[in-house]
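The following pair of complexes shares a single chain, chain A, combined with chain B in the former and chain C in the latter.
Our next item is the complex of A and B:
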């Protein structure tokens, strides 16, 4: 919510600030001082950014080009050898990695549209005059976002576990038998947890953007005879498109990083979710079960690459639409 | 202002200097050496307290860490790599070979531990003596035994079965007469227990005698175990599920699950999970295949990490833990883990029975002591068992309950393990 409003505000400000900066530049005398000021203000950010983002990424990249070799049984300990692209070919031929990547992509394919559509619908409903108890619904829908992902997963696993879950008992007595934790259904069970959790946040993101729409455009549409639905699709949604794109982008990246929920589901011992079900889980088990940091780093680099490519595609598509 | 700051800084520096002088003065005197011990095994803290109370020259600082497979081993690995290793750590038997090949633990042969070899069962010593060096002192072991509901066995006219054949026959009869009662809840995600059952049957999942790794979980012995349980499950004679989870505990309490394939440490677990069942349990030897034998299902060692700051003192503490009746007595109120050291079996029986009323009438000590030496000594563990166990748990969770499920799980696990070890850089034959 905060990031979006500040982003739009920032955009307005830079537009206004540019001519002023040009004027300053022609003045000449302020320039060195200003540069020092910029350095002072941005310096700490770049130092921290380099230390906490760039350096670990470079280290992970470096790690991914080495591997361990053991002589015979290996009692003498490992030797670290340069591996070239061995770890990458290993990952790209590792069925665990490929299946995991396929799963998160499929998960994203279901999750992202469902979440964005629901978030936009609820935001529009809240924004429309139809909703009376606006604040109440806003709070209720936002509440799950406050629950930590771990706790949410535990609660949902409880609701998904046969023998414990009142939901399953109720369905059983109605003659419906579902297995939330095994087979194809588990993907949707996880999507359900994620939607429940993220809906409120994304709804607020879009709702805030809706609030910023100049009211006269909505009124104009109404005077022209557009109903609520027509107004929503033709006037409101196009104007909040950037907010919807931001929500989509975050959600896509988030779904690639799927970890907590399947990890909890897996540890329940009742589920077909394995310890390498998503690429992040595979990286985790490589690093913290096998102490194979080289392979874990390789998987992380590949996930980052995939997230980068997807983000690029989404932003390019969005920009193209914006330019139109 | 400025001068005042300088004066304050000088004063601070001076006092620090004095303090450090004072410290080194003390160290030159008879201050004990402080060593750090990382463990999560229940009873460790009590042992440390007892050790500190009875020793002046060494002071052990106990640090509780997450259990090995849920982060503890990773913590050790990273601490050793970072050069900040503790003095002594707990390592379980399955993880020891991996910690040797990854240079996390160091040989302790030079501390004269070989003289202790005769005190432990042969198989136990072979688990810590790897590639011609000794790498750890055994602390406790877990010979598999059968816990059974003595009260309900009597009520239903059952006898503790001596063989797996009898176990099945009784399960059949029970199923016929009391269809809602199950002979046991077979764990769907307990790789350690499955390994123990295969071990009892004479399997050797890993073998290094050829100078390379060999993995075999599809041999005749494992196959026999898999087929046996697959058929019990298929015929509905036992239920399957995660053990010590809600459903299992409810079934135990309601008397719907009559036996547990277990080890001495299970007694402490039961007293925590189902305290109301005190006095209802009996302990019998694990049903046998051909000859009386058992498998191992847990246990831990005291290992010396690479870079241990005080190895001499750490080994003295480890030796005390592994050989002193005092250590056994200290841990008895919270832990029923069976000592690896056979000399301590009697002390253990006295201490546990005195401290833990839940074990009264179980005959646990005698059964465990008889089972310990019957565990086959040739069993070895692979070099990446944390990952190995978690993969086997995944396989069995998927497959148990399906026709031929266990056999499938073992076969898939073997393929995955060979593949995984090769990719990891190990030399694997076959």
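Our next item is the complex of A and C:
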């Protein structure tokens, strides 16, 4: 349960970073009325949580150990038989799955650092005295968060499409020919869509944390003669480290689920992106084009497992850094 | 936290005047570039609404149409396929408002219970909820579909509504709001007055957690409005589609009818611009709620 341990740590850290005094539970013996209160308040949430989180994961895990098999000539329809690790060995030797996972990891390797660095940079700029019209910029940069991801993807794909795109027209007339939808460039086109969408949200996440820094620490640095940039790196950033980590963790988990943008790119019809370009797209096409639910469930389990492992690694590294 | 950075490379105060202005204009220029990058696709979309189909291809994307086709375009949008677009807007609104309202109430109740009650295994239960935050949402959608298919619930409003009524991250925020905004003594007073636990929650807890609840609501509302994968998997009935799913269907049918390009552009603008206008005034409150939630 890697994801669980890391989750507890995530909580422990963010809580510890928050100095607010916890009024806390009132303690003492639990009276029957209280117990009923807890049940009534927590019950509805946990019923739905079990139904929409725990049950699907358990069901996917169960399905992943079975497969459908046709007996004889197959007139009786498929039989569900125990398959052991068959689906897993199949996934781990499936070039579609391996290449998709590779693409998503490569995508994350480009996307996560670029996004977090940009978000932190602009949060710091807006927190410093170095920028005019700060409220205006905050609002503008936040706007894409409100634009549905699908619409963002559609608009960007238009901007990537020769003929429709003023960007390509402009580049063409300057003698530069780029293909945003084919070859190695696709990855960066997708990263661009994601950065456009997520920059403002993550910036606000970090900015809010920056605003909560005790101002006297910043003043002290200034009195010691540190400039804005120096202050940003040695005083401000270390204090908002937990917020940066939360943003990083959410971004990593988000990038593993890559689906909408490549799906739109693929359906545009003039791209090299295929229907199994990411693991999530592969799970979707396994379930709804091949009706291979067992394999789709297996891929879902593997995506969740990968998310758990990565969350664990990131939080462990973060904790180690914090302990130093 | 020792803040003392060595002062060796510090700018002498005397020269700070010009240097400071230079850095300030650099900072502002960087933000202006980012703002331009952010706005460009939205401006393209806005100008797209004014154009005919040939103009979308032939004219400069960052200038408006020579004519003015906004009203004609919007009328065509709502007329296409027997006015199904209005239906999609309604579906998305029901789905986002209903889902976010229930998710907010459940999260606030759960966060409050985790904060204010001491019960056996509390932190273990809480850890399970927080682990839910880290589960990739799309990884549970396919199994959810298979479960819904078992009970013949796919292609219903409930199949997309029930899963978005749960938001573990909302519980995390709500617990923080509860500990910050609801004093334990006030609850004791209500109890001494003889109010039951549920009544105390609704009259004291929920009221004090109002601003935090708004943040959770906005969070979930945007998440549902943005959700594409869940409806795509669950729904095949055109009349139940969300805006995103509907536009996706049109967008994929451009091969058969090139005019869908124009309708998708106009539909995207119609789905986006009112939402942006609605959210600009709410945005600051949302940010304040985030600060209170203790993500720092």
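Just so it is clear, the second predicted complex is superposed on the first by the 276 of 324 C-alpha atoms of A that agree within 3 Å, B and C clash if a C-alpha of one lies under 4 Å from a C-alpha of the other, contacts with A are read in each partner's own complex, and residues count from 1 in each chain.
The definition used in the following text is that a contact is a pair of C-beta atoms (placed from the backbone, for glycine too) under 8 Å apart; a residue touches a chain by one contact, two chains touch by 3 or more.
What you are looking at is a predicted structure, and each value in this text was computed from that prediction instead of being measured.
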>> Going by the contact rule set out at the top, does A:49 touch chain B (first), chain C (second), both, or neither?
In response: second
>> Under the stated touch criterion, name the partner, chain B or chain C, that contacts more residues in chain A.
In response: C
> Regarding the shared-chain residue A:163, is it in contact with chain B (first), chain C (second), both, or neither?
Replying inline: both
> Should A:102 be classified as contacting the first partner (chain B), the second (chain C), both, or neither?
Replying inline: neither
>> Quick check on the superposed pair: does A:288 touch chain B, chain C, both, or neither? Answer first, second, both or neither.
In response: both
> Once the shared chain is lined up, is A:269 touching chain B (first), chain C (second), both, or neither of them?
Replying inline: both
> Taking the superposition as given, does A:113 touch the first partner, chain B, the second, chain C, both, or neither?
Replying inline: neither
> What is the shared patch of chain A, the residues that chain B and chain C both contact?
Replying inline: 163-164, 269, 287-288
> Any idea which chain A residues touch chain B in the complex?
Replying inline: 67-75, 77-78, 90, 94, 161, 163-164, 266, 268-272, 274-276, 285, 287-292, 295
>> Show me the residue ranges of chain B that touch chain A in the complex, using the header's touch definition.
In response: 69, 71, 73-74, 77, 98, 100-103, 130-133, 188-189, 208, 211-213, 241-242, 245-247, 383-384, 386-387, 390-391, 393-394, 397-398, 420, 423-427
>> Help me check something: in the complex, which residues belonging to chain C touch chain A?
In response: 1, 3-7, 9-11, 23-24, 26-28, 30-32, 34-35, 37-39, 41-42, 44-45, 56-57, 60-62, 106-107, 109-110, 112-119, 122, 125-147, 162-163, 165-166, 168, 171-172, 176, 179-180, 182-184, 187-188, 196-198, 200-201, 222, 225-226, 228-229, 233, 243-245, 247-248, 251-252, 254-255, 261, 264-265, 268, 271-272, 275-276, 279-280, 283, 287, 290-291, 294-296
